[in-house]
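One structure, as structure tokens, below. Some questions next.
In order of appearance the chains are A, B, C, D, E and F, and numbering begins at 1 in each one.
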Amino acid sequence: MLTRAVVDEVVTRALAEDAPWGDLTCEALVPADAWADAALVAREPGTLAGVDVFARAMELVGGGVEVTLLLRDGDRFEAGDVIARVAGPARSVLGAERVALNLVQRLTGVATLTAAHVAAVAGTRARIADTRKTTPGLRALERHAVRCGGGSNHRFSLSDAVMAKDNHLAVLQASGVGLTEALRTARTRIPHTAHLEVEVDRLDQVEAVLAADVDTIMLDNFSLEDLATGVAQVAGRALVEASGGIDLGTVAAVAATGVDVISVGALTHAARALDLGLDVTTGA
Amino acid sequence: MLTRAVVDEVVTRALAEDAPWGDLTCEALVPADAWADAALVAREPGTLAGVDVFARAMELVGGGVEVTLLLRDGDRFEAGDVIARVAGPARSVLGAERVALNLVQRLTGVATLTAAHVAAVAGTRARIADTRKTTPGLRALERHAVRCGGGSNHRFSLSDAVMAKDNHLAVLQASGVGLTEALRTARTRIPHTAHLEVEVDRLDQVEAVLAADVDTIMLDNFSLEDLATGVAQVAGRALVEASGGIDLGTVAAVAATGVDVISVGALTHAARALDLGLDVTTGA
Amino acid sequence: MLTRAVVDEVVTRALAEDAPWGDLTCEALVPADAWADAALVAREPGTLAGVDVFARAMELVGGGVEVTLLLRDGDRFEAGDVIARVAGPARSVLGAERVALNLVQRLTGVATLTAAHVAAVAGTRARIADTRKTTPGLRALERHAVRCGGGSNHRFSLSDAVMAKDNHLAVLQASGVGLTEALRTARTRIPHTAHLEVEVDRLDQVEAVLAADVDTIMLDNFSLEDLATGVAQVAGRALVEASGGIDLGTVAAVAATGVDVISVGALTHAARALDLGLDVTTGA
Amino acid sequence: MLTRAVVDEVVTRALAEDAPWGDLTCEALVPADAWADAALVAREPGTLAGVDVFARAMELVGGGVEVTLLLRDGDRFEAGDVIARVAGPARSVLGAERVALNLVQRLTGVATLTAAHVAAVAGTRARIADTRKTTPGLRALERHAVRCGGGSNHRFSLSDAVMAKDNHLAVLQASGVGLTEALRTARTRIPHTAHLEVEVDRLDQVEAVLAADVDTIMLDNFSLEDLATGVAQVAGRALVEASGGIDLGTVAAVAATGVDVISVGALTHAARALDLGLDVTTGA
Amino acid sequence: MLTRAVVDEVVTRALAEDAPWGDLTCEALVPADAWADAALVAREPGTLAGVDVFARAMELVGGGVEVTLLLRDGDRFEAGDVIARVAGPARSVLGAERVALNLVQRLTGVATLTAAHVAAVAGTRARIADTRKTTPGLRALERHAVRCGGGSNHRFSLSDAVMAKDNHLAVLQASGVGLTEALRTARTRIPHTAHLEVEVDRLDQVEAVLAADVDTIMLDNFSLEDLATGVAQVAGRALVEASGGIDLGTVAAVAATGVDVISVGALTHAARALDLGLDVTTGA
Amino acid sequence: MLTRAVVDEVVTRALAEDAPWGDLTCEALVPADAWADAALVAREPGTLAGVDVFARAMELVGGGVEVTLLLRDGDRFEAGDVIARVAGPARSVLGAERVALNLVQRLTGVATLTAAHVAAVAGTRARIADTRKTTPGLRALERHAVRCGGGSNHRFSLSDAVMAKDNHLAVLQASGVGLTEALRTARTRIPHTAHLEVEVDRLDQVEAVLAADVDTIMLDNFSLEDLATGVAQVAGRALVEASGGIDLGTVAAVAATGVDVISVGALTHAARALDLGLDVTTGA
């Protein structure tokens, strides 16, 4: 469920960005009373995300555009499927078209890429999770898209879980602070609802981290063999997350090692916009 | 040259998005007086864009972080090259790391993909141009990245050039208005500084459009053969733009047809974030 | 067509500016259930602009005010004409009155002044264009008003056309760069949709500028005689724009020289608010 | 003293409005390392207002522009006087030029028109006051300009004083409420710091208003003779304000009737921008 | 009457603050089609304020929640009274619950505390006024709550009345400026609608202040005896305001000294949120 | 560590709120060149929070005010202690005084009330936690204040942990969904980093909740006896949180029952502003 205030802010900003002084083409070419019926059509198969955001762009552009949804976020579709129907003044529909498409294409791209990863690990215990490698200003929307694709969200921001990564450990080491003790102290300083996760680069770091009673241990850039060893070593004392350069080609093998979570930055930073088009079917 | 107000708005929003209530990890783990020296390092080759935005994120997070640029936007780099050096309180540097990287990685991805297209058409008359398929809220930054990659910007928004596309023509037709006449009228309604561009899907539409004295004619989804025919037919009476599903594999052949402009939506909607990392080199 | 997001932002800001803590007078004096019927009436003749903005202010103040438009933007009116009717809770109508009037009066002032200039050049080839001398924060609205008055918009901002003015040329000269070559290079750096205009102060600069194949040459502060000479010299190789201190007294003579465009800063920086009033016709 | 937050918001918005995607001209034409020394010069005499806002625009555009003020807000100047000196990267100076000028020209226009009215009533007891007929979004700045011109501010908004005008009285009458009683009740509902002012259209309304112990009585659109009669009738029991279509031609005669305050909407709604220019004196 | 723009800004910000990425609980637990009927119920007696703000939060969260008000701002209620009924999708109602309650509880707390003070001074000439010790960002709402409780607003901000306090007088003294003269000069510089109030700490300062013809004299932290003496000394030449550490235990005695205004910072800075609850009565 | 962007937004908004049109008093009374040295002094003992926010208000008001901190957030102070020294133009210091004080007083009030609760449970295993009953718009700052007082933050928003409360359970029941199963499903839908907490009203609900493997069980409005029974029953299978009307008088007894977390809404919704003052010590 996307927060209304967040969606409206993104859409309003995008509409203003795309037409700071109005739509020259529509004003010069399209009669003020022309009507447009249009269909949001898939040009390739995928998993839908952001169709409500698409609809909101059509509403917020003004003029009384109406959108009827035939599919919902999370639905699978094939090339040629009609996702939604749009009806309204042609100037409004065409004026909002690009913004509405940019949003739903991008979000559907994220959902579709996520769904492919999720399908690849079906039957394993692994969940596919996103990362903080999201588009600045669009995190809430992209995280929603990951959920639409069957993926799982990781922590949302720096504010809602501890994740001690290589750079943190480097600073700690330079400060002469022992890791286990530092993590134990950290636990007392964070909300009781906050998850404590630590990233390690080598198997020999695992015990020191587990000794601090962390919730998740992230094995970063491990070989498949080391991942399996790590899972065995952790033995249920914490969740195990695999991370680092995992893609569709490798994700099934990673899942087979028995990890609980596989985080994939590419879900949001390398997804391409899916090809959805707006076909004007009638105008009068 | 990016507008300062625009950059600051994007960066401030991104920092707030990524830490609405502060950075749990740094507060719990990193001593308040710990220092971090760090390097922005390329993990793969590319063309730089957004290094000033990276630096601005480090500044705006607070605490007095200093950034020294070793490369500038538009510069080429190899894997392993140090792009910038960062020094400041560890909590600030690590708190801004992800936001700063997200921005520079994404923009450098756009610049690098653009540069590849530009290189592919070297020696032809064609310029590589972007489209309005940009990330909502980040258009100014992504357009800058395209320029860093040697590409050319297309119109920035609906407000600064006329582009009559298929959907506009469909509405016009449904309204019973003749195209040539409609375009001539449009010319009188737009600023004298506004460019008039029309998209056609078939060669037989070309003359009607040229008759209206347009500035650019866009040949959308034409075969290479039809593109060449179109260029010959236009014969300098307008600029010729090719568009529609062009990618690195086809762009050179398209350029060889003699078109003036090749617009590539993928530059911004399908670029992946380039792999740049922040290595903490010292902390004390 | 004004962008909805832009209008709402201007109106919301203005309402908050005019009543940060509510309307003392209405709260203290006007019964909560009092009703107001009112008419927006012209006190002097003019050309309407901004009546939708007026209506939006009445809507956004809250309380369910309804506005019926009798005239539309671009319509001419005489003193005494009723432009719109308003009905709603008296506290809402009176609370929004000043903001709604300030906007429509100012915009109608711009449209009316523009219409006078347009009428003065009727029968010539000249179009009357605005400039960037607009009210900070209100450019989109004032540009719309110019169009309502029959005028033409110039470039909207620094981002959508090149205009090389005296200060740019002074910097170029100090940098030791040749003008023609600089302009030719500029052409390759800007979008193919961007217009290239150069301002000259003297006739002897014209050829150097035309040599760079510019789109428009602006003759700044030229005498009528020199304007005519300039038009003849350019001879259709570029559009010719006249600018500099032109007003209603001189604009017809300027147009008679054969220039294509006459830009008049006064349209927006010296227009006075037109006298429109809100008459409460009934309250119960 | 202008509130910093207010000035920065206005200037930031104006800079973004004028260059949403950067300054095409400077990027294409002006070398990145070109320097500009410039002078803000008066082309006609006047009274300065907004020079700090001008300076703030130069600062906020970025790049490290420095502004040295030779005159201060409220100072008188003659044509040719240098008001301020500016030095910085040419791209920054030229990029901020129009926004900075638009603001200082407009505000100086208000101050200069105010000063003319103030001079016209010198030697009388009357103060020249502004109204709420200000530019939406710029009220704080325009009110400051009025003060720079020696004028006096009226209430700032609907929230800080009661002003019962014709439309309020019409609603009251339609609601069947007696005026004197309504005003007495109003006094008990407003802050003890709130001023109570009532507008009357005819002399025979004066006693009913005074009976309610108002602070100021506004005589709206009175003849000079009636104004003098009104002043005599009020006899110091309240301040007397004259209003309604007063201009430079009539203001002295109005002041001679003995009124305390003359409010002039034209100060802000009909002031023209004063002609100030930015001369680039050196560039290297 | 609260300004719509102000309420919407506060509510929108609060909703975004409380659910930057959506409502995890509702998404994970509550069926998308579950319905909630709920009642806003008082758990203790009080005076209502902010019920429209409560309703606006339910509206702005989205989903089509409907709110029916049984009581209005300013109404008294007992424990157990139903204040409003809410019906809508369970995810919307439960998602907005905390934000809606936080606002109405806090404002009702202010109104209730105010009403207690007002009741304590019944029968005296004293009005109970608030101060600028309000919650940053919520002043307009808290001032409204004070009015709901029968209290009176003091000046709203630094911009709408002069209040010379101890620190101003200290600076004046250090600057060597005489108080009476400084106040007389101040009167000429402020709007004729602006109230002039001065705070004194000792009885021997009263005459110097009255000599400047101030509107209100504030006796700060005076004993009851000195207050009575001060009232007698001022003798109607100005309003008398008592201030400084007054609470429910002392306010009646202060009022009995004959002061006109008693300002109580605690109304807004020490009010506790009143206990109002949202009971879900049906869900299907 | 407060996010800079968040602090600046709060402070900027507060300064604009308190002086939309400037500071009438300073402009009318205080010489432009007057200087103020001032001290932030405690009038009662407490625990400091928000001194950096106080300093930021002084900086952001403009004019170059400098603040020297003698104490830091989290420090204890006694009545009379000097917390910070301020030096700058008198108009700036006095103009920012109220906003700066409102913020630091309120936050210090929260920290001080928190510290009292923390002290009351010293020696037990219980941590004192805040709730979402924070001031709309100020949550990040108030949560920081709780930490300054030695308290612990609960989940920050609806987005970062699941908390199933009475109203959620009522909706679930009405939907005919079994609780244990619903919670198990919920676990699969939320981030692996998200905490799962459930509120129960009666002891007989405990086992059904524990069967779903929740992280924390909240015992809401339990008697001391039932709390102890609940702790024994849970027996370490989850964290136990006590909540509901706990205050300074009862918190020690609650802690003695062995609960892990005690959440106290009053920390933020009933804290009063602590009495801190700004004494101008010198002005010249």
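In the analysis below, contacts are C-beta pairs under 8 Å (C-beta built on N, C-alpha and C of every residue); 3 or more make two chains touch, one makes a residue touch a chain.
Computed from a predicted structure; not experimentally measured.
Colleague: If you tally contacting C-beta pairs, which comes out ahead, B-D or A-F? Let me know.
Modeller: Between the two chain pairs, A-F has more contacting C-beta pairs.
Colleague: Looking only at residue numbers at the chain B/chain F interface, is the share used by both copies over half or under half? Answer same or different.
Modeller: Copies use mostly different positions to touch.
Colleague: Using mean CA coordinates as chain centres, what's the gap between chain C and chain F in Å?
Modeller: About 50 Å, centre to centre.
Colleague: How big is the gap, in whole Å, between where the Cα atoms of chain D centre and where those of chain E centre?
Modeller: 31
Colleague: Whole-Å distance, chain A centre to chain C centre, using C-alpha means?
Modeller: Here the centre of chain C sits 43 Å away from the centre of chain A.
Colleague: Scan chain A for residues touching two or more other chains and write them down.
Modeller: Where chain A meets two or more other chains at a single residue, that happens at 13, 17, 19-23, 26-27, 95, 139, 153, 156-157, 159-161, 190, 194.
Colleague: Spell out the part of chain F that touches chain D in their complex, as residue ranges.
Modeller: 12-13, 15-16, 19-23, 26-27, 60-62, 91, 95
Colleague: Which of the residues in chain B end up touching chain C in this complex?
Modeller: Against chain C, chain B makes touches at 127, 129, 152-156, 159-161, 190-195, 197, 215-216, 239, 241, 260-261.
Colleague: In their complex, what parts of chain B are in touch with chain A?
Modeller: The touching residues are 10-11, 13-14, 17-31, 34, 36, 38, 90, 94-95, 97-99, 102-103, 105-106, 132-139, 157-164, 166-168, 170-175, 177, 182-183, 185-187, 189-190, 194, 266, 269-270, 272-273, 278-280, 282-284.
Colleague: If you look only at chain B, which of its residues touch chain D in the complex?
Modeller: By the definition above, chain B touches chain D via 1-6, 9, 139-140, 143-144, 153, 156-157.
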